[in-house]
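Below, subunit A partners subunit B and then partners subunit C, in two separate complexes.
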Partner chain A sequence: MSVFALEFPPVSHLFDWPTIWFDGTPLAINKTVLIYLAATAATMVLFGLAGRTRESLVPVGVQHVAESGVNFIENSVVMQTIGPDGKKFMPFLTSMFFFILFSNITEVVPFIQFPANSRMAVPITLALLVWVVYNVVGVKSQGVFGYLKNSLFPPGVPWVLYVIVTPIELVSTFVVRPFSLAIRLWANMVAGHLLLVTFAILTATLWEFFYVPAALPFVMLILMTAFEILVSFLQAFIFTILTAVYIGGSMHPEH
Partner chain B sequence: MLSLLAQTAPGEFLDGLSAIGAGLGYGLAAVGPGVGIGIVVGNAISAMARQPESAGMVRTTMFLGIAFTEALALIGFVVFILLLP
Partner chain C sequence: MARKTLRLFATLGAASAVLLAAAGPAGAAGETIGGCVLEQVHHAEEEYGSLGAVEADEKAFKDFEADLEGCVEAPSPILPELDEIIWGGLAFVILFGFMWRWGFPAVKRAMDARSEKIRSDLDAADAAKTDALRTKSDYEAQLAEAKTAAAAIIDDARAQADQLRQDLQARAEADIAEQRARAAADIESSRRQAIDDLRNDVAAIAVGAAERVVGASLDAGVHRSLIDGYIDEVAAGTSAGNGDGS
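Here is the complex of A and B:
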């Protein structure tokens, strides 16, 4: 596709990677899978190293990073949305936050520069996992009928309005939630990757013809890279906090 | 204009129309959430300025509001990618 005489690759070329190993089998491995394996390993190594028996009381290095992460999730996610009895979900939320963060941040890591979450498979799997978790928590803490009653017939609504409210709640709670959760993460990463690719191509093309104007898209590229670091953190945070909100909503129904 | 239309093949014409539709679709989908996120963040800032001690809670709720508002713009973005010729 050419826009203003600028050769721009089709969108699918930016996100489809050729298979590296095990071609043709269900275990085929390409760049996206490698990034996910590395993100899993990084999360495990981070908390494995931080959980060792320590020599000093003052946390340093890896332990400091892991403890600030756990503190951050506890103070600004769990305590704000679920409350003190949500602490049993701390391991789930913390590991999910770090896994999403590590697979997002590869967007700006030199020589990788591909956000693994811009492929839909893992975001939708995580979102369906979250769907199972908050439904199981709701059924466990309120019983099947209590959970359905509280989520389909929210209290404090005049009974005539239930004709409208109940179908909306049914669709939004049990159908739309996992998809909006997954699409939010996926589309943000796709948009960020397209933005960086556009400015990189613009810089390279301008550099071939005349050198000085290439500085303009290059400055934009640097600024957008900084912005994408922020977006990677923010999307991991938003995914985690929405999970906590859904879990909190099915643990403590509105009265 | 008409002679130009007569020269283009029907497929190209449809491709051009869908490109215009994709661009307009994304632009229109970004208007509402842009205004909405502005309102959310502006009110969150004034709340934080009035009561700095509740800044943590306000910030959490602000990100929640942004996430829900932004979903609409993202659906527009997905449609934009789907409509590209």
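Here is the complex of A and C:
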């Protein structure tokens, strides 16, 4: 695809990777799948090494990373949104945070340079899982009738407004939430990847003709790489904290 | 157990590195439109023998054309692929199972153990501080007692010294008074003796002188009383003249 004399690959070629193994089967493995598996392995290695009993008073290395992550999830996510009751969801939320983070951060890892969550598979799978979890939690905490009543007829709203509010809440809580959750993560990673690719191609093309102007997109490429590291963390955090908010709302409708 | 765990995690780490290493080159294929077109051409040649045969067959040509257009047409990026859903979901389920059963509890246990150790260390430090404060207060109490006792001893010594001084002073004054009285008695005695001696001497001298003057011997008894009376007058006159008796 030629855009202003730049050979820009079609978008599908930036995100749709060819199969490496098991082509034509539902278990086909491509680059995206390898990143998912690597994210799982990396999280398991991190927590496996960190969990070994040590006598050191000050945690260092992987232990420090894992414990900081756990503290962060507990203090900034669970305690802020659910409260002490939410500590039982810590393994779920911690797994989710690190899995999304490691799947995102490959965007800036040299020779990989692709965020696995710019593919819709994991965002939508996790979002649907979250949908199931918060609905089950809501039914367990309040009962079917109570959960539906509190979800569709929020307390404190004048009854006349239920004509408007109830359909909105129905669509918002039970239909839109998982998709908004998934699309937010997916779209952010797609946009980040496109930006990096754009500046990389611009730099490479200009470098063939003029060295000096190539510096500008190259500087932008460096800045955007740093920005995408931030985005990787931020999106993992947002996905996790929204999950906690939904679970907290199901557990404590009064909030 | 630790060695076995380390081996397990080293294996997982190595697997992760291999996966990531494989993921890099995996992106090379099909990345460009040219590569895609070339792949479709090879595919058509394999299926129909040559591109000429494809052109001859209308249906094959349309299929080939559609495949080539597919190289520049992007499939909807928002639709997830089934294989990626399966693998991604499976990867998360495995991770969650590991975290729920081992990973998270182990890290949490280590954190709790550290917190407990810090708490117990703080408690021990508090206890040691309390002990030190108690020892300090004991010491200060003992010091205060010692100071009080020392002050009492000093006061007692000072009182004893005062008493001793007063006793010595009283004794000295008594001695001085006694010596003074004794001296006064001695002086009085000496004075009387001197007066007696003087009286005798004066009497004898006066008698002798009178005998020479009058040429006759007077009665010694009368002389004697006259002389004594004279001397007493003289003595009385001398004492009255001196005033202080000296």
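FYI, the second predicted complex is superposed on the first by the 252 of 255 C-alpha atoms of A that agree within 3 Å, B and C clash if a C-alpha of one lies under 4 Å from a C-alpha of the other, contacts with A are read in each partner's own complex, and residues count from 1 in each chain.
Keep this in mind: a contact is a pair of C-beta atoms (placed from the backbone, for glycine too) under 8 Å apart; a residue touches a chain by one contact, two chains touch by 3 or more.
Computed from a predicted structure; not experimentally measured.
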Next on the checklist: For A:Gln80 in the superposed arrangement: first (subunit B), second (subunit C), both or neither?
Outcome noted: first
Next on the checklist: Touch test for A:Val45: subunit B only (first), subunit C only (second), both, or neither?
Outcome noted: second
Checklist entry - In the superposed arrangement, does subunit B or subunit C reach more residues of subunit A? => result C
Checklist entry - In the superposed arrangement, does A:Val65 touch subunit B (first), subunit C (second), both or neither? => result neither
Checklist entry - Taking the superposition as given, does A:Leu27 touch the first partner, subunit B, the second, subunit C, both, or neither? => result second
Next on the checklist: Per the contact definition in the header, classify A:Leu221: touching subunit B only (first), subunit C only (second), both, or neither.
Outcome noted: neither
Checklist entry - Thinking of the overlay built on chain A, is A:Val190 touched by subunit B (first), by subunit C (second), by both, or by neither? => result both
Checklist entry - When the two structures are overlaid on chain A, which partner does A:Val11 contact: first (subunit B), second (subunit C), both, or neither? => result both
Checklist entry - Counting only touches as set out at the top, which of subunit B and subunit C does A:Leu148 meet: first, second, both, neither? => result neither
Next on the checklist: Per the definitions at the top, what is the overlap between the subunit A residues touching subunit B and those touching subunit C?
Outcome noted: 11, 183, 190
Next on the checklist: Could you list, by residue number, the parts of subunit A that touch subunit C in their complex?
Outcome noted: 1, 9-20, 22, 25-45, 47-54, 57, 59, 63, 66-67, 70-71, 90-92, 94-96, 98-99, 106, 109, 111-114, 116, 118-122, 124-126, 129, 183, 186, 190
Checklist entry - Hey, which residues of subunit A end up touching subunit B in the complex? => result 11, 75-77, 80-81, 180, 183-184, 187-188, 190-191, 234, 237-238, 241-242, 245
Checklist outcome for this item: Residue positions on subunit B within touch of subunit A in the complex are 56-57, 59-60, 63-64, 66-67, 70-71, 74-75, 77-78, 81, 84
Checklist outcome for this item: Seen from subunit C, its contact residues with subunit A in the complex are 2, 5, 8-9, 12-13, 15-16, 19-24, 26-27, 29-33, 36, 71-75, 77-89, 91-92, 94-96, 98-100, 102-111, 113-114, 117-118
